[in-house]
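You will see two complexes here that share chain A, one where it goes with chain B and one where it goes with chain C.
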Partner chain A sequence: MAVTAARASRRSESVAGWAFVSPAAVIILLFGAVPIVWSLVMSFQRNNLLSPHTPFVGLRNYRQLIHDPAVVSATEHTVIYTALFVPGTMIVGLFLAVAMNRELKFIWLYRTAAYATMAISTISEALVFIWLFDPSYGIVNYFFSAVGLPQQQFLNDPSQALGVIVVMTIWGWTGFAVVIYLAALQGVPKELTEAAAIDGAGRWATFRRVTLPLLSPASLFLAVWLTINALQLFDEVYLSTQGGPLGATTVLVYYVYVQAFQNFNFGYASAIAYLLFIVILVATAIQFRVGRRFTYYRS
Partner chain B sequence: MPSAVPGLARPKGRRLLPFSPWHLVLVPATIILIFPFFWMIVTSLETPSEALRFPPDLTPHVLRFGNYPAALRAAPFGRFFWNSAVVAVTTVVSNLALCSAAGYAFARFRFLGRGLLFVLIMTTLMVPFQVTMIPQFIITKWIGVNLLAGAGIGHIGSLIVPNAATAFGVFFLRQFFRTLPIEYEEAARVDGASRLTVLLRIVLPLSAPALATLAALTFLDSWNNFLWPLIAINSTSASTLQLGLATFQGAHATEWTLLMAGNVMSLAPMLLVFLLAQRYFVRSVAATGLTGT
Partner chain C sequence: MGTNRLRALCTLIACALAAAGLAACGAGSGGSGSGKSISIWEGYTGAEQQEFTRLVAAYEKANPGVKVNVLQVNNDNTLQKVLTAVRGGTQPDIAYLYGSWAPNIAKIPQVVNLTKAVSKPSVNWNDFWVGERAVATVNGRVIGVPALVDNLAVVYNKTLFAQAGLTPPAATWTWSQFQADAKALTKPAIKQYGTAYVTPGSEDTVWHWEVLLWEAGGQILNPSNTKAAFNSPAGLASLNTLRTMAVTDHAMYLDPTDSPYANLFNSGKVGMLVTGPWDLSAFNNVHYGVQVMPEFPGTGGGHQTIAGPDNWVLFNNGAAQVSAAEKFVLWLTAPAQAKAFSLATGDLPIRQSVANAPGFTSQMNTALPGVDTFIANLGNVRQARPQIATYPQISQVLGPMIVSVLLGKSQPKAALDQAAAKVNSILAGSGS
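And now, the complex of A and B:
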């Protein structure tokens, strides 16, 4: 009697488990897991609008992308952008969070101003920055002329366009970085910094030797998170430069988009997307490996 | 003047300023952070000739709101707003429902295939959207043609269904449910409550903070999503705010006063919601940092 009851209850638990899980699982597997395999298969096919047949072509797409100068330069632009954006955002975020981590008059106002950048979409952000950095009528060029600097072409100049995109995205991510660092700073026990001060450490030494190590888990998280997002840069490029001028801002995702949804080379685009995936995996793995050496966990 | 508590007296000479020196850093930083918001509002209140003056005026002489009705005539921002709101709210509601059911089962039930299914779902978290977007486009198109016309390419349903449940939501809620004391749930089961009743009556009320966090993050994600609507939507009437704004920019490339009026209208609702519920959003974003480390 007891045995059958236990078995019946286990069976009902199994049925309930699948009933609870199925709706979410169907969506996630159909739109998340199946496409992973499907795009891998497509990356070994010739799959474009020219013909309805999608024959397997082995590694041809991958061989093609190694020799495609557009892929090589898109990879370079992606890496350069990431190398500028990630440290830039972290430094700005850390600096502001440290400045805001104290009781001051109007501190709520300062914090709200930083947080507000989180509410603005990438498209709105790009749209206002295109206007700010307009070569002819933009206010940034006016500020430049006011302090005697020469007028710049900004987004129209192949050597500056990516830099302008770095600036606008750092602005857009400032709120996020400040929130993460402020939360981490509030977890730094006062006793530790006070003890360091009593032992004669100056403010900078205390920050450098006590606070910064205690912030390292937050720094590692930010580095990984920002890198993953930076390698997937698309919206700002689409709105501000469409990959130009002269391809100077064509990053990997933008090139995938062009190949997939403007040229309809699904096979080739899938291969480039997998290259991006590998770049992200490698970058994340390196960060965790290097990060572990510099990360200090208290517990 | 001697301080009442001698030990807490500030050393003399440290106070050169009548206020904390940190204000000297924070005021310029705040001006830079706010300036883009300020400048788009200023431009949106100017006439085209005022906006193209060089050197520009930092404040408009007269407040002219004419650019706003003009922008509304040029593009249906009300429609865009409605579409974004429908997509975001539906996505949030379905994520809360589906992810809490799945997350609860993964946290508490033992069933055949649980481990494998969980690993499969977690794998999708690692893969960037760009890898899956082409098959997702094909699948969505197929669904629209063969199964459900309202969820195919070109309909706002195509923005909801693929995101109706997310691996992040399942994982996030499973982690939270596992921190709850199981005794209440066991006691309710002994009293004859069904598993669904336990979830709805006991577990979910205890999970309000986690559900609020998931709701805030899902809403922000959905509202600001651009790449998938760009691929899946091909008409003005089904455009979201972000897609509509991008199309609007393409059509009025140098009409800055019009563009900035459209931009202000597009970001004002989200900014307002954000400022009103700032505490929630900030806590939610900070929570992603804590789960991530």
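And now, the complex of A and C:
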């Protein structure tokens, strides 16, 4: 008797549970899963979204992207960008977080200021950096000339433009890294650092041997999260260089945009998007595999 | 027990899907309607939005029982939205679409063929500028009614010209005069440039150059649009003209992001700018004048310019809807409404009869000094970009070609030949 009642209540509980999640689940399916599957289908079609004629072309789009020099260079730019942006953001974020992890007057002001970069819209960010790095009127070149460095062309120079985008996005994401590291730093127990100090460890050694390993879960999270975002870079490029000069900042997602919305090659664009999906999947898998070895979870 | 839970779950999902489906149906206007209610997607803001709202209200008042449902969409995103809607059968009756999309738009089966509608004498189709009609027509089929027209001319800083002891440009001026003026206006010590050029390598880079190409007597493609024609003496002359200013004279500020150039002109840092009427209202801090584009004497090209018209495009939601939408768009673009819209917004008149109406130009010029030259310059729009679906890809070859020359990375002749080879392969269908 009692067993049946318990079972019945458990059943009604699970029905209630499903009732609560199903609206969200349906929305996620509708707006998440459907486009994902649809773009996979499109990647095997010749599809311009304009005419209803969408012949199945098998792997043609995928074969084409292997031989497309623009895909090769866009992949290169994406990888170079990610390799600079992810460590850059983590180092700057860690530095600021450590600097702000102390009792100071107006510390809340500094912390808010650091996070403010996340709250500023990308369009304002892009405009500010365009002016900062303007070859003729920008403040960066002004400082360069003040300290006797040669004037740079920045966004007008194909070899420097991607670097400017890296600096711009590191600035934009620093607040995020600071918040994650600051939270992790607050979780580092005082007794461990004090014990290290008593054992004669200097400040650097304490940081290197005690604090940094304790931050490793946060570092892994940031590395994965920032990499996924870096591989999907688009807004900053779209709003500043539009892929130029001479294609130097054309990253994969920007090239997908060009193929889809300028050239109307939605089938081909979908195939490139799936290439990017695989790149992200592999990168994330490697990060988790390698990260596990270096990550220390205190239990 | 298991089946029970499954059934409950299925019911829930079915309910949620049905609700989502109903919501989707409610949002669109698809299906065949009675023509009593038409939907229109447009991206007007500010003064344009105000005047458009006023015109819509006037139309509804004059046509009792007809409702015009306006949905504001950022113009840059309208095409994406339309493509999605067409797939779901929820396309609007009318959408404001960029002219550069026209050859691709024409492939959408639901796009209404307006050839017959605009041939009615009451429409007076030839009253629209030739540049507009060219962009609204794809392979002889009219797929849109002109909604907006622009063109490029030279805006110059009168104060800087006086300081340099130069006479302001005359309507008969040449590109060598432009070059000489640019050089004289360039003062590296105070970071002042003679002129500026937008170099993101996008279509904005390309259409500025296309004017020079046409004026030098050149063409982008051959008459049948099957081969590149820009790798010609005219192409060389046009690129060399720009190259001299950018590379040899350092008289040209290169703007890779399409944004600081206007602020710099408004700050008196740039002497001359090739731009359109949309920038004029931003030049409050300088004393500016406007002149038509210079010419290349002896080429027969004369003074030309390029128009960037946009269209009202109609989508088929049944005969009654199409006829109601046609009626509204033809009313909206009729001389009286076109005139009111221009006067309220400063936008160039989409019809020649409006431009020629007595007092119109001076009225426009009072509100926006210099716009009279842009209005007159519409008469210098003699040709349009090739109306082919692969033009965006061709533009992506021409943009980097121009930028590489301006940055001094390649020589004009080599850049032209290389670009021509790429364009030919796109036209042959082997390009991606």
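Just so it is clear, the second predicted complex is superposed on the first by the 272 of 299 C-alpha atoms of A that agree within 3 Å, B and C clash if a C-alpha of one lies under 4 Å from a C-alpha of the other, contacts with A are read in each partner's own complex, and residues count from 1 in each chain.
To be clear about the criterion, a contact is a pair of C-beta atoms (placed from the backbone, for glycine too) under 8 Å apart; a residue touches a chain by one contact, two chains touch by 3 or more.
Remember, it's a predicted structure, so these values are computed and weren't measured experimentally.
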**Q.** Dominant contact partner of chain A by residue count, chain C or chain B
**A.** B
Q) Touching A:N265 in the superposition: chain B (first), chain C (second), both, neither? A) second
Q. Touching A:P52 in the superposition: chain B (first), chain C (second), both, neither?
A. second
Q. Touching A:Q64 in the superposition: chain B (first), chain C (second), both, neither?
A. second
Q) Where does A:L127 make contact in the superposed view: on chain B (first), on chain C (second), on both, or on neither? A) both
Q.
Once chain A of both complexes is superposed, is A:W18 in touch with chain B (first), chain C (second), both, or neither?
A. both
Q. So, A:Y137: does it touch chain B (first), chain C (second), both, or neither?
A. both
Q) Is A:L246 contacted by the first partner chain B, the second partner chain C, both or neither? A) second
Q. After lining up the shared chain so the two structures overlap, which partner does A:D235 touch, if you call chain B first and chain C second: first, second, both or neither?
A. first
Q: With the two complexes superposed on chain A, say which partner A:M100 touches: chain B (first), chain C (second), both, or neither.
A: first
Q. For chain A, which residues belong to both interfaces, chain B and chain C?
A. 14-15, 18, 23, 25, 27, 30, 127, 131, 134, 136-137, 261
Q) What does chain A use to touch chain B in their complex? A) 10, 13-18, 20-21, 23-25, 27-36, 38-39, 42, 96, 99-100, 102, 104-106, 109-110, 112-125, 127-129, 131-132, 134, 136-137, 139, 142, 145-146, 171, 174, 176, 179-180, 182-184, 217-218, 220-222, 224-225, 228, 231-232, 234-235, 238-239, 253, 256-257, 260-261, 266, 269-270, 273-274, 276-277, 280-281
Q: In the complex, go through chain B and note every residue touching chain A.
A: 19-20, 22-23, 25-26, 29-30, 33-34, 36-37, 39-40, 43, 51-56, 98-99, 101-102, 104-106, 109-114, 117, 120-121, 123-124, 126-140, 161-167, 169-170, 195, 199, 220, 223-224, 226-227, 230-231, 241-242, 245-246, 249, 256, 259-260, 263, 266-267, 270-271, 273-275, 278, 281-282, 285-286, 288-290, 292-293
Q. If you look only at chain C, which of its residues touch chain A in the complex?
A. 1, 4-5, 8-9, 12-13, 16-17, 20, 79-80, 83, 87, 104-105, 107-109, 191, 193, 199-202, 253-254, 256-260, 264, 269, 389, 392-393, 396, 399-400, 403-404, 407, 409, 432
Q) Once bound in the complex, which stretches of chain A touch chain C? A) 7, 11, 14-15, 18-19, 22-23, 25-27, 30, 48-52, 64, 68, 70, 126-127, 130-131, 134, 136-137, 155-156, 158, 161, 240-247, 258-259, 261-265, 268
